[in-house]
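One structure coming up, written as structure tokens, with questions to follow.
Which chain is which? They are A, B, C and D, in the order written, and residues in each are numbered from 1.
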Amino acid sequence: MINRGYYEGFGGAYIPEILVATFDELVDAFQKAKNDPHFWQEYTSLMSSFSCRPTPVTFAENLTRMFKGPRIYIKREDLNHTGAHKANNVMGQGLLVKRMGKKRVIAETGAGQHGVATATMAARFGFECTIYMGEVDLERQRPNVFWMERLGARVVPVLDGTRILKDAINEAFRDWVTHMDTTHYVLGTACGPHPFPEMVSYFQSIIGKEARKQIMDLDGRLPSRVYACVGGGSNALGIFSGFMDDPVALVGVEAGGKGLDSGEHASRLCSNDARIGVAQGYKTYFLQNSDGQMKKTHSIAAGLDYVGVSPILSHLKEAGRVRFEAASDEEVLNALSLTMQKEGLIPALESAHAFVQAFKEAPTLSSEDSILINQSGRGDKDIFTIADAFTDPKWREFIKKKAEGYHA
Amino acid sequence: MINRGYYEGFGGAYIPEILVATFDELVDAFQKAKNDPHFWQEYTSLMSSFSCRPTPVTFAENLTRMFKGPRIYIKREDLNHTGAHKANNVMGQGLLVKRMGKKRVIAETGAGQHGVATATMAARFGFECTIYMGEVDLERQRPNVFWMERLGARVVPVLDGTRILKDAINEAFRDWVTHMDTTHYVLGTACGPHPFPEMVSYFQSIIGKEARKQIMDLDGRLPSRVYACVGGGSNALGIFSGFMDDPVALVGVEAGGKGLDSGEHASRLCSNDARIGVAQGYKTYFLQNSDGQMKKTHSIAAGLDYVGVSPILSHLKEAGRVRFEAASDEEVLNALSLTMQKEGLIPALESAHAFVQAFKEAPTLSSEDSILINQSGRGDKDIFTIADAFTDPKWREFIKKKAEGYHA
Amino acid sequence: MLESHIRAERGKKEILLMTHIVLGYPSFEEGFQIIEAMVEAGVDLMELQIPFSEPIADGPVILRANQAALANGATVEKCVDFAQRVARTFDIPFLFMSYYNILFQYGLDRFAAFMARAGLKGAIVPDLPPEEGEDYLRIMADHRLAPVFIFSPSTPDTRLRSIAACSKGFVYCVARKGVTGSDTRFTGELESYIERCRRATHLPLALGFGVKDKRDVDFLRSKVDIAVIGTQTIRLVDKEGVGGRRMRRWRLGLI
Amino acid sequence: MLESHIRAERGKKEILLMTHIVLGYPSFEEGFQIIEAMVEAGVDLMELQIPFSEPIADGPVILRANQAALANGATVEKCVDFAQRVARTFDIPFLFMSYYNILFQYGLDRFAAFMARAGLKGAIVPDLPPEEGEDYLRIMADHRLAPVFIFSPSTPDTRLRSIAACSKGFVYCVARKGVTGSDTRFTGELESYIERCRRATHLPLALGFGVKDKRDVDFLRSKVDIAVIGTQTIRLVDKEGVGGRRMRRWRLGLI
């Protein structure tokens, strides 16, 4: 193995021998790209012409006034093509795939966002595309499945395991060990074996690079705190990377689900239910039992209910560089409502976790401060979940009528 | 009346006397804003921090290769906040409302896009907001209604008339004549009494200004042709405005529905079913019978099935400056599929009309040429319509299951 | 001429009543009976509305009457034929009320010629401010018909005067903001608005929008020349039916 | 020592057979009967897989056996107890097979100590390449246990040699790309891969992934030392049941 990518004990590459050569090839391609002064330029120019980077930083004037605390700024990853920061990662990996001369991509998806982003990238680059999706997620996220298929991807339901995101990852690996010569596995977050955590963070660092410059331009100084939700950790690492060497507090917000005591959550870095382990190819904090079997997770946000977390974040937690908090499902809905009504923004349920913590802390900060929240995605894809969460009776009527039409 | 806004016989302000003073105030505020050198700057800076302007122009490499004709460029209004060019207009009018010191906005909506955009703007500016929506549209566009309500707007179903867009416009006027002191009516397209056509086009001209510069940078020369779909005409006027004085062919594409001979379409400028008339406050081509009663319209794209059309476009048609074509529902679905699979872009059904005509003409142009298509909005809001149009069985199953869950 | 007729009638009565019906609603036949009953009851003038699919300035009651008439098959041709029969049958002034597109599609000249021939006295076109009415004004004048324009509480004094300069027969004063059929408060504010209107013109004044009962009419007595019962007419038809007792006692109840 | 045992057995037989079962599948009791039947049938070595919730390198058949075992309540504690009973009962070498997290959570040292005490000979950990196995290698060595590492067709020659340097007992050659249970073609390509493996190490070679019948074993005879029947073992159990006739005739059918 060329390189195993450790972050003070977290990370590594716990991979079947059959994949070692593929990983070596990937590490090599990635290193060459990173060292090629044109590559980042090619990447940013693709992102600015195909997506709409730089995405803006929006000053949340009404929320600022309401909390009477710091100026609140929001980094608008929701404005990316396909509606989330996921686009940054997939387009970057797409460029690498082109460099490696491969013709097919596979990906796992839970919420469906990464699947749609990958299918989009594949259409754009002319790659064949297969998306693995746990059957449970596939049922929940049908709208995203619809778009993946329309974009030309094959969506394969994963019927094994708990039939959710982690099982889709396992299945994607199984595909990969069979087709690694032609195929690249586009992992969706800063997890998995090296070089994925580094590589995904590298592409997502475009968020932080832009954001730092933008907030300096807008506010004339650094924010006191930066907030991001943490599923696998890619959007958080993306924005944090811009402020890593600055005197800026970095706050990652995990899915608190029904409460950290309830067992129904997906908090790996601020609950007692997680421990260090090795799975899906890397070492990090996992929600697992004492035998090492992975636990069920829960979050209102499909994109946050993953059992593992980026090894880079595990390291940053232990190093004390990033603070982790949890937001409950209920708090998330409240923050979402508030943000919609005050600012006309619709954060994804995932992103709304970051808003929760920012709103909790805003009143305790001074008006000299400013804070920055990463709005990793837009919420309008979550309409089925959000409408259910708010139990909107008119929505239910609409769906019932639609269904009646289909029965006829 | 200060000014009536005529375009060679089209336009005017056929308004009830009670509104004359309100229109005079609006004309005045708009003129002052236009003459204020800071205003456009304030507008573009709002659009760049709240939405993501300039929206990119994307080179459609795969489509270009496929048609073996001109280089195909796409202006990405789909990347706007709320997913369509409608944001440009509402945010601009929002700034005017602030200048006029009003505290409440109302709007009509058909497809729901303009309603969501207005509700968003109102949240952002802290205005009270009421949206009028024909009952038929409201039933069809429930997802957008859901978001409008969540954004804090009151959505009022219009039960009178044909219960679609034009009736919602009438109802909004009825509200306005009652509350004009506090209220501004945010008309959604370049129609209605003066100054709306001019004002809406003015705000939408940001599309054309950007696009001209972008395509010159990218392609080094002007496009041969520019394509835009035409509902009320705002996105078309927006992009056309950038090329009005250039040797560039401008092509507006209307909803051909089930065919121009079928009577089921919404083509006012290239069918024989329309005639010049006066309704909803202005003079233009309307789909009306010989008595002057408005006809039913049809389009697969809810945003294009309006009976009237911008008086500016009627003028540009007569002047021969803009050519008009129609795209049928079926052609639209084909163009949509192709664009998704080849480029990873999901145009709104409205926008897909422009793609149809561009694809028809591309093979007849030389590789020396380039063409520009305005992707006025994104299609993922149209999932219910698109899934139905493609009769996706898995989608139907999903909806049925959802409904069963609600019955339980 | 309409104006002199109104002045003559006002010599006899403290206030005149103008009612409003939508042609073809509930049906042409019933409409004829309503007019008959109203004329018998002593109504002084009547507005005959040709229904339009986009009645932007009408409130819900009249709006629905427009729609119902159209749904029942009321065409412009049927409406004008009916109006001609009515105008030839009853000896009070009738005016057309409709939206501009109806006149425009019919042909302004043809429309005016018809009115003159049929004996209608003038027209109220709520979506046609005088600025847009150049052709209309000329043609109405050619046929000696009264174009009745509208004052509103939001109209500034100078504009009141210029509107008055275009109007013939009388001026229609919209009582308040809003659409027909909503509540008007008959108060001092309304009074001072009427005074403004009075100062702007020597033409007779009609006041409409929300006039619904004897108290309202009493309030208007000696302030304006004509009280317009618009929405309330349609409501009465809806409630009492065509042959209803109150329909026949109409004027008595109001004056 | 495992290696010398294998060499000794190979002195007697042209090829050895190693089978694979998932502990707790279909149940511990049935597992015991399966082992008993297999040992009776002359199996030479056995892999005992401790089930893991994320068996990333296993194909569908073994994956489902892992899940079923966990769903039936197979804990690591139960698995090791069972393995101890088996190792003490039957006189062939048993190896643990599992994913690294199982060892890691149990404690590497505790795990190895247990194996040594219970009489298991070594372990195969498919998601632990030697680079990640520093602690594991040391501890296995401390307890004189065999860490069995894996060769794959995509492994370059230099790497084959360095893997072999870490492996004890034998090396497990993955026959091809893909996961267990898919089809392997027993052809010249496989042969030249085996030759590469041979050149890289003096250790005995086991070959697995897709070995399913007598023809496959015949192909491997005299090319490798051990044929590994993994997925096919589980399939047999699924199909024939624990007491099935073929189960008892196991080795006869294959050799």
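As a convention for this text, a residue touches a chain if its C-beta (ideal position, glycine included) is under 8 Å from a C-beta of that chain, and two chains touch if they have at least 3 such contacts.
Please read all numbers here as calculations on a predicted model, not as lab measurements.
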| item | value |
| --- | --- |
| Touching both subunit B and subunit D (chains) | A |
| Chain located farthest away, centre of subunit D as origin (C-alpha) | C |
| For subunit C paired with subunit D, centre-to-centre distance based on mean C-alpha positions, whole Å | 98 |
| Centre-to-centre distance between subunit D and subunit A (centres being mean Cα positions), rounded to whole Å | 38 |
| CA centroid of subunit A to CA centroid of subunit C, Å | 66 |
| Contact graph of the chains (line, ring, star, complete, other) | line |
| Pairs of chains, among all present, that meet the touch criterion | A-B, A-D, B-C |
| Interfacial residue positions of subunit B with respect to subunit C in the complex | 1, 4, 12-22, 160-162, 166, 170, 173-174, 177-181, 275, 277-281, 286, 288, 290-294 |
| Residues of subunit A touching subunit B in the complex | 48-52, 55-59, 62, 76, 79, 81, 83, 119-124, 126, 139, 142-143, 145-147, 149-152, 218, 337, 340-346, 380-381, 383-384, 386-387, 390, 392, 394-396, 398-404, 406-407 |
| In the complex with subunit A, residue positions of subunit D that touch it | 52-57, 59-60, 63-64, 67, 70, 75-77, 99-102, 104-106, 126-129, 131-132, 149-156, 159, 163, 174, 177-179, 182 |
